[in-house]
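After this come two complexes, each holding subunit A, first together with subunit B and then together with subunit C.
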Partner chain A sequence: MTATTALPVAIERPSRSTQARAEAFAAYVLSAPAIVCLFGILLLPTLATFVLSFTDWQFGAPTLRWIGLDNYAHLANDRVFWKSLSNTVLYVLVVVPASVLLGLGAALLIEAGTSGRAFYRAAFFLPVTATLIAMATVWEIMLHPSVGLINVLIEALGFSKQNWLKDPDLALFALAGIGVWQALGLNMVLLLAGLKSIPRDLYEAAAIDGADGPWTRFLTVTLPMLGPALSFVLIISAIRSFQVFDTVAVLTEGGPNKATEVLLYTMYQEGFGFFRAGYGAAITVVFLLFVLVLTLVKARLAEKRVHYS
Partner chain B sequence: MSGVSIRGVTKAFGQTRVLHGVSLDVGPREFLTLLGPSGCGKSTLLRIIAGLEQADEGSIALGGQRVDSLLPRQRDVAMVFQSYALYPYMTVAENIGLPLLMRRTRPWQRLPLIRRLHPQSRAASGSIESDVRRAAAALQIESYLDRKPAQLSGGQRQRVALARAMVRDPRVFLMDEPLSNLDAKLRVAARAEIADLHRRAGVAFIYVTHDQAEAMTMSDRVALMMGGEILQIAPPGQIYEDPADLRVAEFIGSPKINTLAGVVRTDGGIDVPGGVLSGTPGLSQGDAVSVAFRPEHLQVEPDNGASGVLRGIVRHLENLGSDFYLYIEPSGGGERLIARTTPDIGQSVALGAPLVLRPAPGRVLLFDRVGRRIRSRP
Partner chain C sequence: MTARGGFAFSIFRHVVLAAGAVVMIAPFIWLLSLSVKPADEIFTTDLRLLPLRWDAGRNYAEAFAKVPLHRYLLNGAIVTATIFTLQVLVALPAAYALAKLRFGLAQPLFALVLLGLLIPGHVPAIPHYVMLSSAGLLNSYPALILPSVISVFGIFWIRQFFKTIPDDLIHAARLDGLSEFSIVWRIMLPAAAPALTAFGILSVVFHWNDYFWPLLVVTSPDMAMPALGTVYLRNTEAGTDYGPLMAGTAIITAPLVIAFLLAQRRFIEGMTLTGLKG
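What follows is the complex of A and B.
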C-alpha cells in the first residue's frame, strides 16, 4: 500500500481498481455462507409462507391452486380467527404492562437493596431458564380445582374456589398470569442492566439541584434515563407475548369454548391439525404483520433516543 | 463570618482511611483550591461539604450554620461535576432551570397541563425562564438553550454546568475538577472565566484539582492535601516560595524542585554528594537534611577549573522557547538536577559539557529528616 501511493496517478489507477475488485470478490466469497444461511433459513421461508397464503395447499398434498385473496376473505368471516385475534391482543395487553411494571419494580428493589442482590436476581430469573412446557405441567397442578395450591390458598383466605383453566371467564387470565411469571425475570434483568448504566453523578447532581425525593428523583433521573431500556423491554415483551403458544397447547388447547384460542395456536391447528397449510399461512402473515409493526415502532423509538449518548 | 468552616473531619471507606482530621476555614468571598494528587481525599472532602458523603467525625458549617444533618439540597451549595452531570434528555434551558423548578414549584405544579393553566405556576415558569436567560447570558450560551447536551462541545457543556450552578445564587460553589475534560487550550481560557465568575458571584468557591497551574492561577489560597491531610494552606505565591514541607515543595512547581540529601558538618556547612553547601545557623552536627532549590535558582557556568561548590555534566536539553531546561547529572551521584535558564544561555551549552553549579544564595530550602521545613532563625 505504502509503495503504490508513491507512484504517479496514471499508473496507480488501474492497479488500484483491480485490487479493489479482488478485495470485493474476497469479501463476497467470505460472507457467502452467511448470506446463504440468511436467505435459506430466514428470508425464503417467510417468502414461502407469504406465497402459500395465496394458495389452497393442503399439508402433504401433491398439487396446489392459486386462489388469490380467498384465504384472507375467509379469515375476515372466520369467527374463530377473530376470537383468536382478540384473545391474543387481550393477552398482550395484560402480560406486557404487568410483566414490565413488576419487572421494573423488582429491578428497582434489587438495585436499591444492600444485601442478597444476587439471590433475588437469580430467583426472579429462574422461570426464564425453565422450559415452559414442563413448567406448564407444574402450573396445571398448581391450578387444579380441588388439590391445587392456589385454590387451597384462596380458600384459606376466605374466597371460593375457582376452576381456573375450565372457566371461560378466567382461563385466559390464568394463562396471562403464567405469562407474567415467565416474562418478569427477563424484563427485570434487562431493566437492571439499564439501571446500572445510569451514571451516579446524575443522582448526585439531582440531590444538589433539589430533585431528591424518591418520586421526584425517579421522574427526573431514573425514568428518562431508563427510557431506551424500557422501550426495548416493552417491545420485546409485546413480541414475545404475541407468540404465546406453549401454555395454550399444554393446558387448555384453546378451550374452554375457544376462550384461550390465540393466533399461533389457531395457526398450528389449521396448518398441522386440519392440514390447511394455505389457510395457516394466511394467519401467519397476519401474525407477522403485527410483529412487523412492533419492530418498526422499536426502530423508530431507537432513532428518537439517539441523542442520549 | 466565615463562609465555610470545616472542623476535624475524618472519613474511612471500610478499612481505608481517606481523611485524617481535616480542619479548614474558607472566607465568605474566598476562592480556595484543594490541590493534591489523586487519592489524597480532596474530592471526598468536597463531597462531604456538599452532603453527598457523611463524615465519620467532625463538622461542617456554612455561613456559621452547622449543616452536618442537612440534605445536599438544604445546604444551599452548588456543585460542578467533573463529568458535568448534565441531564442528557433535557434541553440546556431545562438543565439550567431544574434547580429553580425544584425550589420554586410544588410537585403537582410541574405536571405539564397545570404548568400552563394555573396562574401561579405559570408565573413561576416565567420567573424561572428569565433567570435561566440571565445565567445563560452571563456565560454566553443563550443561543444553545434549545439544544440537548449531546449536541454541544465539551467547552459548551462545561458552561452549561456552570450556568446550572450559578442560576440560583448559592452561598458556596463547589467544583470537582471541572476543567479536566477540556483540551489544554480551552482549559487556559476557562480558568480566566471561572476566576471572573468568582469575582462577579462574590461568594466562596471551593475548587478541587490535581493541576497546580489551575490552583496557582485562580486561587486566593491553596490547601495542599496529601494522604488525607492538609499539609499547607497559603496563597499561591507563598506556597511556591515558602513551602512548609518537602512534599509540598516537590508537588508544586514544574519542573520539579531539585533535592539533594545532605549531612550537617561541624562547621555548620552541609555535605552533599560532590560538594559542600552553606547551612543556616541552628543546625546540629550530624543531622540528616534535605537540601532543595528551584530550577530557576540553580546558576550554571562553564567548568573552567574554578573552585565551584558542585559540578555536573549536561545530559539533556529542552528548549521551550521562553525557557530552557538543562538536565544535569551531578558528579557526586544522585538524581539529575534541573536548571532553568534563558534560551540565550541554554543554547550556548553543549550536551555532555561539564558545568559548575551554584544554588542561588538565600534560595536554598532545608528540610529535616521527616520533611519538615527548617527555617533560618535570624
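What follows is the complex of A and C.
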C-alpha cells in the first residue's frame, strides 16, 4: 500500500459523498411535482372529506359548525341510507358471482380449444372498453316495456313482458344484468392469464393418477391451481361493482321507490343534489371504509401470489 | 387439449361460446341497427336487423344538429390527452427517483403512494369541487383535468417497471455525462414505452368513459365529455324518436370500440391493469 494507491481513494471519498448528495438532491427535484400533487390533490382533500363529515357544512354556506358524530348518528337512522347500503351489497352479491362464474366459463371454454380464440375473446371483452353510459341508453331501449328487444324475445318464448326498470322487484336486477355484461370480459381475461400459467405436466400427472374426465381434471388440477387468480378476480370485481353509479344515475335515478338507490348515488344526491356537503362527506367515508376493507384483502392476496410465484 | 374432447365437445364449445358472444355483442349490433331505422320501424315489435326504409342520413344529421357531438368528441380528445400527458410528466420522474435513486424520503414517499392506491377517486370529490368552485374554475377544462393530474397508480406501475431495467444502463448514461433530468426524459421515457402504452390506454379509456366527475363540474353543453354528452343528447329526446339518439350514441361509442378492435392485445393489456388498480 503506497501513496499512489491511497491517493485516488482519498480523492474519491469526498466525491462519492458529493455524488450521493447530488443524487438525493436530484431525487427530491424529480419527485417534487409528485409530492406536491400527492398532498394537494389526493391526501389533503381526502383528509378534508373526513373533517367535513364532522361538520354541518352546506355548499355555499358562509359558516360551518363542528357537530362531531351527528352526521353518522343521522346516517344510522336514515332509512334511505340503509336501503342504499343494502341495495349496494345486494348488487355486489349478484354481479360478483355471476360475472366471475360466467367469466370463468368463458375462459375455460376458450382455452379448451384452438379455433376462434381471438374472436371469442374480443367479443366478450368488447363491453369492457365501451362507454357504459352510452351503452346504458341502448340497454334501456332493449329493456323497453313494450317494444324492447328483450321483451319481444321473452314473449316469443312464452313468458310475459316485464317493465324491467320501473318494477321495484326487478330494477336492481336489471341493472345488475348490465353490470355483469360489462364486467364479465375483464374477469375472463384475468382468468385466462391464470389458466395459461398452469403447467401442462400437472394435467399429464393427473391423467396418470387416473383423473382423466374433464370434470375430475377441473376439480383436481384447474380449480386448485386457479385458486389465487380466482380469489383475486372475486375481490377486484367486488371493488368495482361496489362503485356502481353510472347506470343508476342515467336509467333509474335510484327509483322506483328507492329500489335502485346505491351508495355513490346517495352520496351524489345528498352532496350535490341537496348541497349537504357534510352529510355527503359522511356517506363518502362509509363508502371508503367498505372499499378499503376489500382493497386490503386484495393487497393480502396479491402479496400471497407474489410469494407463491 | 383439443383432441381430448373430440368432435362433439368442439361443437359444444363453439355453440356455447357463440351464443355467449351473440349476447355480448347484441347491444352494439342493436345500437347500429336502430341508428339507421326510421321512428316507425323502431317502435315496433317486428324484429328486423336491417331497416325496410333506411333513415341513417336523417338520424345522424339530427344527432349532430341537436347537440354539439363534435364538441364532445373534441373535449374527450383534448381532456384525455392532457390528463395522460400531465400524469406522465408528474409520475415518470417520481417513479424514476423511487426506483433508481437513493434519498432519505424514498421509503415514506413510496408508502404514501401505496396509501394513495387505497383511495377511490370519488372520495376527494367534494373538496375538489369546493376548491375548483372557489377558484372560479367550474365548467372549464382545468376542472375536468386538475383532479386527475396525479395518478398514484401511474407512479406505482412505472416504478415497478423501472425496477426491472438494469442499473448499468443508467450508470452508462451517467458516465456519458447525462444529468439525472436528461436520463429521465432521454433514457427512461423511451425505455418505459410498453408500460406507458398500457397505462395510457387505461387512463384514456377511464376518462373518456367517466361520467361521475364531468356530471359534477360541467354545467354547459359545450364543456361536456363524451359520456356526459350522450346524457345531454338523451335529455333532448322527446317521445320515442330513438333514431337520432342511437346515432349520436354510436358516434360517441365508436372511437374506443374501433381503437379496441384495431389494437386488441394492447387494450386487453391496458385494461387488465385495473386488476392492480382496483
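In the analysis below, the second predicted complex is superposed on the first by the 277 of 309 C-alpha atoms of A that agree within 3 Å, B and C clash if a C-alpha of one lies under 4 Å from a C-alpha of the other, contacts with A are read in each partner's own complex, and residues count from 1 in each chain.
Just so we're on the same page, a contact is a pair of C-beta atoms (placed from the backbone, for glycine too) under 8 Å apart; a residue touches a chain by one contact, two chains touch by 3 or more.
Just so it is clear, the model here is predicted, and its values are computed rather than measured.
Upon superposition of the two complexes on subunit A, no clash is found between subunit B and subunit C, which fit side by side. By the document's definition of touching, neither partner reaches A:Y72: not subunit B, not subunit C.
When the two structures are aligned on the shared chain, A:P224 is found in touch with subunit B, with no touch to subunit C.
When the shared chain is aligned, no partner comes close enough to touch A:F173: not subunit B, not subunit C.
Annotation: apex subunit A, arms to subunit B and subunit C, angle 90° (C-alpha centres, rounded to a multiple of 10).
Once the two complexes are overlaid on the shared chain, A:F275 sits clear of subunit B and of subunit C alike. Contact with subunit B, but none with subunit C, is seen for A:D209 once the two complexes are overlaid on the shared chain. The partner that reaches more residues of subunit A, of the two candidates subunit B and subunit C, is C.
Once the two complexes are laid over each other on the shared chain, residue contacts for A:A249 go to subunit C alone; subunit B is not touched. Taking the two complexes aligned on chain A, the least Cα distance separating subunit B from subunit C is 10 Å. Across the superposed pair, subunit B and subunit C touch subunit A at no common residue.
Only residues 199, 201-202, 204-213, 215-216, 220-221, 224-225, 227, 307-309 of subunit A touch subunit B when the two sit together in their complex. Across the interface of their complex, subunit A is touched by residues 1-2, 4-5, 9-10, 13-14, 16-17, 20-21, 23-28, 30-31, 34, 42-45, 47, 89-91, 93-94, 96-98, 101-106, 109, 112-113, 115-120, 122-131, 133, 146-147, 149-150, 152, 155, 179-181, 184, 205, 208-209, 211-212, 215-216, 226-228, 230-231, 234, 242, 245-246, 249, 252-253, 256-257, 259-261, 264, 267-268, 271-272, 274-276, 278 of subunit C.
Across the complex, subunit A is touched by residues 50-52, 71-73, 77-79, 81, 83, 85-90, 98-99, 102-103, 107, 148, 150-151, 164 of subunit B. If you check the complex, the residues on subunit A that touch subunit C are 20, 23-24, 26-31, 33-35, 37-38, 41-46, 48-49, 52, 59, 102, 105-106, 109-116, 118-135, 137-139, 141-142, 146-147, 149, 152-153, 155, 181, 184-186, 189-190, 193, 214, 232-233, 236, 239-240, 243, 245-246, 249-250, 264, 267-268, 271-272, 277, 280-281, 284, 287-288, 291-292, 294-296, 298, 302.
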